[in-house]
Amino acid sequence: MSSTFGTLFKTTTFGESHGSGVGAVIDGCPAGVKISLSEIQAQLERRRPGQSRLTTSRQEGDQVEILSGLENGLTLGTPITLLVRNLNQKPSDYRKMANTPRPSHADYTYREKYGITSQSGGGRASARETLARVAAGSVAEQFLSLAFGVEIVAWVSQVGSVEGVLSESELETLLRYDVDFSAVRCPDRQKANLMSAAIEKAAADKDSLGGVISCLCRRVPAGWGEPVFDKLDALLAQAMISIPAAKGFALGSGFAAATMTGSEHNDCFVGNGVKLGTKTNFSGGVQGGISNGQSITFAVAFKPVPTIGKAQKTADYEGHEIVLEAKGRHDPCVLPRAVPIVEAMAALTLADLALRQRRL
Amino acid sequence: MSSTFGTLFKTTTFGESHGSGVGAVIDGCPAGVKISLSEIQAQLERRRPGQSRLTTSRQEGDQVEILSGLENGLTLGTPITLLVRNLNQKPSDYRKMANTPRPSHADYTYREKYGITSQSGGGRASARETLARVAAGSVAEQFLSLAFGVEIVAWVSQVGSVEGVLSESELETLLRYDVDFSAVRCPDRQKANLMSAAIEKAAADKDSLGGVISCLCRRVPAGWGEPVFDKLDALLAQAMISIPAAKGFALGSGFAAATMTGSEHNDCFVGNGVKLGTKTNFSGGVQGGISNGQSITFAVAFKPVPTIGKAQKTADYEGHEIVLEAKGRHDPCVLPRAVPIVEAMAALTLADLALRQRRL
Amino acid sequence: MSSTFGTLFKTTTFGESHGSGVGAVIDGCPAGVKISLSEIQAQLERRRPGQSRLTTSRQEGDQVEILSGLENGLTLGTPITLLVRNLNQKPSDYRKMANTPRPSHADYTYREKYGITSQSGGGRASARETLARVAAGSVAEQFLSLAFGVEIVAWVSQVGSVEGVLSESELETLLRYDVDFSAVRCPDRQKANLMSAAIEKAAADKDSLGGVISCLCRRVPAGWGEPVFDKLDALLAQAMISIPAAKGFALGSGFAAATMTGSEHNDCFVGNGVKLGTKTNFSGGVQGGISNGQSITFAVAFKPVPTIGKAQKTADYEGHEIVLEAKGRHDPCVLPRAVPIVEAMAALTLADLALRQRRL
Amino acid sequence: MSSTFGTLFKTTTFGESHGSGVGAVIDGCPAGVKISLSEIQAQLERRRPGQSRLTTSRQEGDQVEILSGLENGLTLGTPITLLVRNLNQKPSDYRKMANTPRPSHADYTYREKYGITSQSGGGRASARETLARVAAGSVAEQFLSLAFGVEIVAWVSQVGSVEGVLSESELETLLRYDVDFSAVRCPDRQKANLMSAAIEKAAADKDSLGGVISCLCRRVPAGWGEPVFDKLDALLAQAMISIPAAKGFALGSGFAAATMTGSEHNDCFVGNGVKLGTKTNFSGGVQGGISNGQSITFAVAFKPVPTIGKAQKTADYEGHEIVLEAKGRHDPCVLPRAVPIVEAMAALTLADLALRQRRL
């Protein structure tokens, strides 16, 4: 088990979905940073189930409590501990499946690894663990915003085969407000409607959908990232792929880079009076693993939720074929709720690299 | 600078392309592992420039020397130090560009980060650093092979817009021998020819091409990977994106997962007498960040080489527009030479997770 | 701030003495270990203020709550979170001293480092932080006991100039029961009385006393410890000196080794049928940083408590001379309460090295 | 095996005494630091065997080569690799002892841990490994000196029962020149003669002596050290106890603190116009794990060299009693040569904490 992320801005998350609570300890946040509890809470709300018809109707009512590290709203430089109690512990939903590993879920691999099965099946593979990331990520984001003016905005850019498209000028000014305009969190409003329809259809089919979340980090100063193994993009990739259900990561041009020539893909420099800028940003704001002062842009692919009501032929732990139909309440598509998780992991990655960059 | 990868099987690489040499120290390799120097050398040969018309004609002649950690061909449990001397130091090729950051290269970001410019431009961003990864990766691979029977095979699956296709049975039996049959390292022989032609055309155009490398890791036992942040797939993503020019990472279904439904994408279980297997492997052998006993499959997208002979309008450090035409000898496509690098980073990732998995 | 100890058995502590609570997250404890809450509580009781006349009369009433990582009394392999709420928050005791750094306390250095002063003065330098260590250490100790039969016993071997003496046979059979027989936790009963008298005299003088705690770890298997920097004794030294007020660490013969010759000090081997033993144990159970199968023995020196009622001429932050007389309730000697802290840090060190030792 | 020290200024050492060479990779040294090769070499000379009658007559002739990380005498911010080739490989001296573990040496524990025995007996427990520490420590020291004006001076303060004594004013101005005045490296010249005589007598007796090295670090700014586990004194303790043969560590008053009262031991503050100073320095320059701006003072106890010519009754690996008389050339007392090792480990500790301290 490795529940800590970061070298200097270190976040450790804890908690099972059916235990007392989930939370995080942030060790290494500088002293004197003003932290707003309501900003943390706002991001938790965006991750919360039951926000709309598109997500599960479970009501989690996640209230964050700060156990340490703050005094009068300012960080002390000591570990910041965030706790969200679990109110809605229903292991019984899962007990029926105790003898059957859910396909494409972590039940089987947790049992192989730890030799023990928790009531909640996949233990820490539960989506509820991400709540701790969102809370900690909000602290990181507030630090980045106050200290450097960094802005992070993620949105749903694809659900199933529906892709949202934003113009460059839309991207330049995109705010969370625009993202949250639609329940599906796609700022391309036409496509947002198509995405919603696709999700509702999947729900009606007792099936689920995957998709892509895109993210933009503005005003990241040049110089962040630690070659050769802790490159900014390499750590972002780790951070994003560590999110449950993530299957792919792409920086800037991503897989499209494969089909371009060097003369098309190169981001040529242009003077802007003070610093050098680039004419294009296929690099996604990172060169040689170090931020170049342009916006950092990346995308994360998510698989469809594996827990579905549709009948599936699979096997129990003894290898006997059985037919599985998940009961319980499950998201037909996690993408809208995963937007603040992507933002949180981006913030945790950048906050750590901000501290690792020396300004002697 | 963060030149160390791994928690227990720790590899530290060192060296600039125009200094005395490059190398690696592996700390944490278990004692008593038989290491073949010629296997290391063989992987270095596959990475070496000048293997074919498709790669740069520079002759590096990289001979690895082992400075510590081995006695009579067996590891001692102490740090294993691998050194490859640089024979061909030609900083002069780069000096002309001292006042101009190469577009989409790391010159600019290294200068922003370190406030100093080495003769070789991007310092550790040089492709030569990957030589140390390949040497260390071969040690990791030999350990994995002897201790667990793990097999790692990577190949070029796309160059520009040409995609190679392998059937499931071809994948099942794919060997490095098949990969090396063509100079371009694509085992789909028809497509290999098209890829070669595309690379030669790019070279003639003084341009460059990107592509995709796919990789397969067989016989990885179930249970490797450390949730929640050091998941097998998350660390693989970090490892792959840390390779120069990598732009995207995809595990199993990757971005295609976005367009599938849960009922299509789920890998249902099937008993095989001893362990549970899965009918499909869209998961790429990893569930909840832990290996499930199936083959681990992933793909890495590479951008086209940024150093091209074609004229580019860019700016020097003072912001003045200039026209840049790279001289020197450069690969029109790094993909064929990057195959052993992908294998090496996969081996380093798996060796570390193998040691982190307890078998109490 | 660096609140994490350990590489594989990783403990992160959190909490200020005047915040909501203190606690710890243990990440990396193997799954399936039976953990007794009452054993944790028992060690907390031994650390608790107000146990006897010899310690402060503050009543902390520390009840540990487990927030995650256990199900039905067994570890899940997931992070174990331990929380002790603060009931008795009295920052007012300290407010008077807001403008004066307490001599030989951490007020001044915390202010220099973090640029901020918490209500509790030294922030995490408070003795209350050690409560989290004791709780986490008990989990580590239970793991070590169940998995390897390791036994850890610490005791007060010196208070002021009074030194306790134990014969070899007394050491061999020493139990916590013997240690706890006297309030001062010295199993040499005669000297225990003298120590108590010395502490009571110091209290009457509004002064304080230091001393030495000795510790014995039995049945540690040969082979634990990671040369060259994470040697068993080196990590023990770090662990012990990280305890508030610790000033010295000695393994086995310690500083007395300086006055011995090699022929006196060498622990010659002797066959015992199965393994090799040693005739003497000046080494303290560690050779070359690795346990040799003998008992691990070490001692830790503690300075006298810096907070005293006696008047002291010192300076406030502006440099003006003032006379300071601490009010509040303070221990005249922390040694008796520090015994479980030494045991806890020994357990955390050994548990980590146990996991780092491979048994392929 | 854990051959890396430091979190941001990370040093990895490698090499067996009878392999090709020993060396170190420093990852994380800031760019632009001027490094003098001759200063490194000078410290290596002080560690070298054969400097005087008091040390072994082996001639190692250790020439350091820099493989990476420097260009034109300046650090690049990339890993600095230092290599010293082994010229004098004489495994035959040790082969005779292949079946007998040397008492109080690491032969037995290395075999228990790694299940393999290298020609050199204790593998990395060899004193030759410290050569890499001295080389890397000199780089750290040069960085600390240039960036902060830090000065580090260690000396032999005790050999056997002879203790050197320095007045406060002698301490204040003590330089390496004063230390090196006597071959035994004790600046108390009278006691230096007695120490030399004691060592010569031990040599004549085919025996060996231990002792104590004291160290002083001047001009360390207030604020270095990372509570609660990576306190300055805790990491110093780890660093010092990781040196072969070290048995004890004492900060400031050390074990003498045990016999003092709080009113005697407290370092009361005094204004000095700009910052606060302290009237005394029993704390050894560290409070709450953080430097307070006073000199950092500590002492390290070393056991007598275990390899002695005198006959010892011990057992071979099969448990048969044998009489062992070491041949070869060995130091009767390592203290004089260990002075630069103590300085090196102090420098590596401080350089890391310097980088970890933020100056926002």
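We just call them A, B, C and D in the order they show up, numbering each chain from 1.
In this section, a residue touches a chain if its C-beta (ideal position, glycine included) is under 8 Å from a C-beta of that chain, and two chains touch if they have at least 3 such contacts.
Computed from a prediction, not measured in an experiment: that's the story for all the values here.
Asker: Could you run down the chains that neighbour chain C and chain D together?
Answerer: Looking at chain D and chain C together, the chains touching each of them are A, B.
Asker: Decide which interface, A-C or B-C, involves more C-beta pairs in contact, and give its chain pair.
Answerer: By the number of C-beta pairs in contact, the winner is A-C.
Asker: Centre-to-centre on C-alpha atoms, which chain is most distant from chain B?
Answerer: C
Asker: Just how far, in Å, is the C-alpha centre of chain C from the one of chain A?
Answerer: Each chain's C-alpha centroid was found; their separation is 39 Å.
Asker: Averaging only over C-alpha atoms, locate the centres of chain A and chain B and give their separation in whole Å.
Answerer: 26
Asker: In angstrom, rounded to a whole number, how far apart do the mean CA points of chain B and chain C lie?
Answerer: That pair's centroid distance is 46 Å.
Asker: Which chain D residues touch at least two other chains?
Answerer: If we look for residues of chain D contacting two or more partner chains, we find 1-4, 7, 13, 113, 123-124, 356.
Asker: With touch defined as at the start, can you tell me which chain C residues reach chain D in the complex?
Answerer: Answer in residue numbers: 1-5, 7, 13, 101, 103-106, 108-110, 112-113, 122-125, 129, 158-161, 202, 205, 207-212, 222-231, 233-242, 244, 246-255, 257-273, 276, 278, 282-284, 286-293, 301-308, 310, 312-315, 317-321, 356-357.
Asker: State the interface residues of chain C toward chain A in the complex, per the touch definition above.
Answerer: 1-4, 10, 12-16, 19-23, 25, 27-28, 31-32, 65-71, 74, 76-81, 83, 113-116, 118-119, 123-124
Asker: Enumerate the contact residues on chain B facing chain C in the complex.
Answerer: 7-8, 30, 147, 355-356, 358, 360
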